[in-house]
């Protein structure tokens, strides 16, 4: 059975086909330090923010063994771009990567994510494409929506590194909240990650926002570094930790 | 509290703000007869299809007293187009307007509808605009997605009528199905309807479809008439009738 | 013969079918005063800017007797939204409405305009829809592109008026500039205008811009008033006035 | 000076910045044989069609030394997808690759191409992305617009080859036609091509079309093979050959 409607006798018309879903990400990311007092405005009460923020823009291919043919019969359905913010936060003393805002440009990704707890909305998202024949001196990524910019990242690639500081934030933590269904809970999302090359360099970030996207709390106090990487992501575990 | 995430301390960043939601529809619609044997492929087992099908394309403004400023500060968020199919169906001997497929072009509408049980996906939707200064001899509406057409309606306006045959289908019936949340139930949606002028005339419909949108079961056996109308829709009641 | 390629033996596949083209506009507009010294940065040398600026966002239906069926067979092709800035400017002592920037959200409109000299680019454009069943206290319009806002207009309708101050700017003046074709000339566009109701009230405007859209020179020194109106526009005359 | 308006004192707001432009293409292509009698309907009278047709869908990065920063500051402006049909045709006995239809999903590409003579329109275009971490058994590409499919290509990669049969068609030939500017001429476009890996395999093509896109004349009589390749394209020469 697929994850969502529309339902037919074959199940082949669903917005979100059956999983398990895996993802190939090309990512432009920037690590920054924010003001924990302001970050609290975007976090559930049970969470204690640290100053660590991870911003990224990604160009993504998703796939499932239960919808293999869509990757060539209607490839746009399973491709998308994503812009996200994660704040390293403590829940009962343990460190997690909490995601307060995430944007995508695909209905399949929007709903597939919402049912897991990812706080997704649709935005226009652009990113310098990774391509062997194209070597720009900087890579950029940006997202915008409803008349205003959301975020803009720039990274100047300088050196290969072994490890992404984002992985020290912890497993991912989401607030799954759908009021008309009576759902409000904290969900832990544990990803399986296989990186290919990770490149580090100078990074910059501009945070925007507007009437329906309050992002001022993520304004960096200090920008640390930028990263470019590709990664294959699977879902190791998804479990409810408690009330939202 | 808003209906969905993203959640902040103000609640003003949610994809779907708090309701109650109302809707202004401009509609191009066609009534047709289909083959109940094939229509069954798109219906839950508990339902008995009749031959009556209602197709429409609509241009919509939505609004809520809890998000009034969005209608001018970011008007695109609350406007959208919609393409839908309803089949008159019997549940325990009572007649309902069952909706097996619905398409919109907005993330707010997509998720606001999914949590009620509307089987929405994003599509490209176009419709001849209603305008006092523009009087074409025909009105058209069409939807497409993923490389193929979904439906195309044409209506030649001829005469005003008092009543829409769609309202004889019954209240609306939805299958709210979200497998990862363990939800599968039949939901009755009772609309409040205030029509302005209803115009009737010759109608035609082309049904398309493709790999992720099986619409062949809605191929008309006979096309009855077309309709143009504007209507203000509110939600009188939403209640669960039973398992999906 | 159509205006552009693609060309086939029937001429029915052209991006821009044959004219003459007429237009139905629903408009949210704001009149403001700017700084002529800065406005000069967006004008050809032969023009002398005044301080008068007209901003508008419009929701448009276009039609031609040579493509009548497109308005119902593929209605999206001939509908679009438009965001524009006009500066009242003097050429050889005569007053014109010079258009330095114009945005649309349709390829047909983009190219149909470019060949006349309208400086069009594609943007995302939104506007509070005019509808008899929907009476918001404010109307808004906004345009954005490439990660940033371009302009945002708000109008609070207060009273009907007889006349639009924009019409005192003069006929429209364009710089038709296509370097690879060796074209650089000033073109006068004289519209035929038939207004339906014009409403006036308080207006506000926010001017944005970014790396590929330098709009800072239009920052208002004083905002005068806002307007809501519908108008049918035809093309009375298009003629070359001189070099660009 | 940029290629087009909008013009400002810096030239940095133009839709099409100054060239020379280069392009990185990832391509899904299919070679087929058509019916020369029908192909003639899409060709200028001076041309004699052969039976050879080349269909492709491409994912493209464009760049110019005069707009280098746009590739990271607003990367979406210079990226696009393209769907095209070329017919090998004879002009005065010499073989050319004549392009009767081309679709893109970007305003920059649309206008940059139109001024050279490429018969571009905007469409929705999708393609299986090339990525080192993703190895599907088939690659697909498709384009759609105005309610209907335009073309859909599928390629099953099987073996590397040295050479693309498309290059035997000849240099590219375009009909630059803009009636309001009095332009109708045949233009030769000679590309500089640097291929990276070319892969060949089984190919299939579905040709669609609709009211504003007559593509029936390209219906294949025989489908030969499919190709996947990446190529860097520059412009060696663009010259007018004669009247259109």
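Lettered A, B, C and D in written order, each chain numbered from 1.
We adopt the following convention: a residue touches a chain if its C-beta (ideal position, glycine included) is under 8 Å from a C-beta of that chain, and two chains touch if they have at least 3 such contacts.
Here the structure is a predicted model, which means the values were calculated and not measured.
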* Intersection of contact partners for subunit A and subunit D -> B, C
* Rounded to the nearest 5 degrees, what is the angle of the rotation that puts subunit C onto subunit D, matching CA atoms? -> 180
* **Residue-number overlap at the subunit A/subunit C interface, same or different (half cut)** => same
* To do: For subunit A and subunit B, let me know how many angstrom lie between their CA-based centres, rounded off.
  => 31
* Asked: Which whole number of Å gives the spacing of the CA centres of subunit B and subunit D?
  -> 38
* Taking each residue of subunit C in turn, which ones touch at least two of the other chains? -> 73-74, 76, 124, 126, 142, 146-147
* **Touching residues (chain side subunit D, partner subunit A) in the complex** => 24, 26, 61, 63, 68, 71-76, 79, 124, 126-129, 131-134, 136, 138-142, 154, 196, 230, 232
* Asked: What part of subunit A is in contact with subunit B in the complex they form?
  -> 1-10, 12-15, 18, 40-42, 44, 69-70, 73-74, 76-77, 100-102, 107, 110-111, 114-117, 119-122, 146-147, 175-181, 183, 210-214, 217
* Structure fact -> The subunit C residues in contact with subunit A across the complex are 124, 126, 142-144, 146-149, 152
